[in-house]
């Protein structure tokens, strides 16, 4: 039986266009033949997400990309931290996949323990909370932060690779990691080189999420509208465009 | 020694003005003599917070009330769920208190087990996640949700009281609760009547938070700027007013 | 770019041939075009797995299906309980997916809380341990066992459906489930009818695992051979055929 | 409205008088104007608490200070470990605050992770159990013990300061602490100097507890007498003074 | 090889003599031939332990029975709650066994899940904390409290049996218990009748502890004096007899 | 009263005969006078268990030793990892003790924190899962793996002792261990020498299990047949001898 085309919209959580292009390249390279992917970035929000402040200011713009969408079969939130994902699941019944959760599930099937290697030291608490939300804290060997900003990961790939290798080797040798999860969408595309150097599986979160979204679409699944993720209650929402008003979501 | 005046700004998480007035009344009634309290509501965001979607759209407006402030010694986030509190702690070094955490700490000092009695059934997962974030899940006897919307709690106090009594009695008799935490700022002011009827301590989260904020100010404490809560990195934030740009926070 | 054919071997954990046929039908119906699936059953082991005893006696036969394989790109363990999966990951570097873990990851992306609805009451502890192993216990609303034996689920589909509907409705109404995971490979194929009746997502574990296995293959991933899942040490293994001797796995 | 005077009795858990004086000085310096504080020490019990043995022998004398009291509105147990606090909550309906719990709640509102820096190495397990009892283990970066005895902390303030600085710096640099909780009442009064040297919030547990006790009194709260903390059953208690007999607590 | 006589002292936590006799009878009936058991009660403390207050007042008298002992090879704390056990382990290097922990270890080897059936409703929190301290909370199906006081269990054996049967049946039928732990030393001696009626293993905590103490003695084990359980520091302890002074423990 | 003879069968999990002899020697040395012990090894399975693969292939042979037994009062699974213990508890109502669980319970009564010192680095995950299954993870200071294979522990006792001393010292000095559990049956017999060198309790798991099995027999306890551990359902089990068919277990 021929399978119908599956349309996936990937939403870069950051407003940085080069990162959108990088994410898109990784996604296009890994998608199934009959998957159509478009990668977008929010109209509003920070260039990069490196603090809770950045994350919260990014969320309305991320949600807007879902609200205004009319044709996608599934959405991917492409920022490790899965910003606003519970709200995304409220405003659409299409599957919504976070790249953080997708990468951790993949890692869990390949290794007994894994580490997350990521950007600035200050994000440690954000990363730990994200892992906690998936429930997989006990499988996490460590979180290794670095001096890399999110934008660094895009702009100097060689230096980035070097820093990630060093941090990953520490995770493997000192913390007991048996696989590495790259904790930033900006690191997408480096996984093969890292894997060659490290000798353990390295998970690109964007690629993992593309596979998860394709899977949910082909399984014909929708987000549960039974309780937590039902449509938001209708009410006035001040200072946001009309399409943000919950009544716009109701049939 | 005469204690200096302590200025506290309470930020109603909702844009519903009558709730702001109710919160303010509770706060003024419980404050110390030399505390000055102003209660505000965000310029933007939903009338009431009853979903993750509502919560995330409320956060930028909540944070703006901190950004534009020049004179407060501490801030209170007056929505049970403590929306955006990590970001609030990044953008100011003044203490920030969430009403949820404050009420749970108070309950913990008064009872071996407590329940949270709150609004719509759909918020159960939000409430459980808030309790989880404080670390006090093991002390929670149950979360009892009701058919009350947030605005109901303001508009029909008699019916609200009735529903809260019934839900609380079930928590006490069936779940082992020995105290009740009211899980919505809109329920503020009903705690005395409930306590009289139930015979166990009933915690008004707004009042609890006022005491916590006063305490932190008098202790002379500031939020740690060492790692997680340091000022957000400077970068372009699209579609937000200039005062949202992180460079505006830097000295 | 044309994607290469992906060969997946599904190993029914039970030696019951009709269940193999049922699993195969579900898998063939959901696979991608360029996936080739064969479904097998062990040469040795119990007709059905309903106790720890059954499970442990099934494992050598399950592992043999991997040992003797020369052409598959990935393996699926098709018994909810993922019997012997850590050993399976030791003896091959090809991805190995358990249907239990796969179904729970899918459920986690669709619902805030889910329940597992499954066979005989005696398996409750086995099911709870399986959920614990994935780390997702906190997301599980309940385990609902029934009077259904594994073979019942194959032999009387109407009665099975009826019992599953009743158990699922209790999970939704009393336990707070927002999605249902079917906790037995024998229930594969009933998910659409159940979903229509229940109004919440119902996860067929076999279909979920097919998608996970395809995903891992297309991502080009191998099981980590760094520590826990490296090849078994070489030694004498008494009473097993020569192909079970670890030296047969070494290049 | 003028607020009525609030009377707080602080009970030094140790029978060492100079520590009582030090605790009192810290408390008097931080109290609100209309708070009256008296600080006492038990008639019986060890000079200092540095083992479970010390702690258990201290408890009857601590409880006696509550039993014989007729005028206080709240009690503070001034020994990090909150010795006998559940019993204290049984024998009075006045709020009882432990300095350990109070300091941890304050730390939780100021930092994402904190460490407890304390006395002799042997108390590590006691300290970990105290943190566990509050439920905040997941927020604790580390427990750093030292070679300081409790009496050392009183007798050589310069050496104490020095040792605490070194231990705190290790907690910050190696363990990820973003605030420091001083884990002994005898360290009260050193927090400002430590804060100046360390650059992160340092919590004096005595001061934190004074604020918590004032808060509970001004909120008009009583300990729940519903189940766990109801008055002890009446019975003969051998070898204790008549005022220890439970019937003396009954109205 | 002939085994040397093993001397065990059982310390009833309560000062109620008939309970001492009952405990002793159970212990004598189950001991090995070459075990000598004496059962004592404290000189000071409450008739029965039914609150945290009772427990803390009992501890000094319990510890005194260890301090004054010169000939025992091991000690058993015969009050479900294991009162003061950490202190007991500090003041002697002989093994100290709590009846609660002993009974839970035995239950864990006989059943996948067990319940504790015990006395007054108010002790629920105490019992849950005791289970938590052993680490076995996840194996506990439920705690079932009753209207039985500790002394009731001694005085009316028929009524006690009846109430325990009813509570145990609820634990088995509604909570999933597959064995029952009797949560009070006073219930010792009823386990055979209960087992006959319930059809699941019923653990008498006193008997379990006798076996554990004998085991530790025959294994030749001493309590670790390395850190937590080393001898208490020497210091003045006011209001206690000279034998309570720590220097009396030092060689 | 003269106690009846207690017959215990110890099942070495490995098929290595010298290890059986070593286990037997340890057991005979520690048993009570009226205990009769026989130590056997499976007819089938690996020489030593050092991977999940080894463990799963060992289990049928281990279970067979129980199935074919007609005279033992209790069984001991003598491989740290307690392989197949849930199944063992299903096929007999006689008590079944695992050496891992037995050693951890003993350690828990002697020390606040303990470490497991064991064989090859690759078994870390297996060991952690075994500890997790007992529920005692929070009491575990660390797992220290070494370069010792299981057979090494038998063949070169001097080198083994040396390596165990070094690993244990690291556990004590760096991880906070206050006792050591030897994590392999092959290490049985070295505990006295280790204890002398380390100065903390060292638990031989075989000896611990002998005491636990004797205890359960003398207490007259049987495994609960209520739910999880009831006899396996009757069904065809292909490729196994007739005595493996469940109907052979039924009366």
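By written order: A, B, C, D, E and F. Residues from 1 in each chain.
Throughout what follows, a contact is a pair of C-beta atoms (placed from the backbone, for glycine too) under 8 Å apart; a residue touches a chain by one contact, two chains touch by 3 or more.
Remember, predicted model here, so these are calculated numbers, not experimental data.
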Inquiry  = Tell me the fewest steps from chain C to chain D, where a step is a jump to a chain it touches.
reply    = 2
Task = Give the chains in contact with both chain A and chain B, ordered by label.
result = C, D
Request  = Average the CA atoms of each chain to get its centre, and name the chain whose centre is farthest from that of chain D.
outcome  = C
Remark   = Max Cα-centre separation from chain B goes to chain F
Key: Selected from C-E, A-B or E-F, interface repeating B-D by over half of its contact pairs   = E-F
Request  = Measure off the straight-line distance from the CA centroid of chain B to the CA centroid of chain F, and report it in whole Å.
outcome  = 53
Message = Can you compute the centre-to-centre distance for chain C and chain F, using the mean CA position of each chain? Integer Å is fine.
response = 30
Ask   = How many angstrom between the C-alpha centroids of chain F and chain A?
value = 44
Remark   = Residues in chain C with touches to at least two other chains are numbered 86, 112-113, 124-125, 176, 227-228
Query = What pattern do the touching chains form: line, ring, star, complete or other?
reply = other
Which pairs of chains touch, using the document's own definition = A-B, A-C, A-D, A-F, B-C, B-D, B-E, C-E, C-F, D-E, D-F, E-F
In the complex, chain C residues that touch chain A = 2-3, 30, 32-34, 86, 95-97, 101, 105-106, 108-113, 134-139, 172, 176, 178-179, 199-201, 203, 207-208, 211-212, 214-216, 218-219, 221-224, 226-229
Remark   = In the complex, chain C touches chain E at residues 124-125
Request  = Could you pull out which chain C residues touch chain B in their complex?
outcome  = 112-113, 176
Query = So in the complex, which bits of chain E are touching chain D?
reply = 15, 42-48, 50-57, 59-61, 63, 84, 86-87, 89-91, 120-122, 124-126, 129, 133, 149, 151, 227-228, 230, 232-233, 235-240, 244, 246
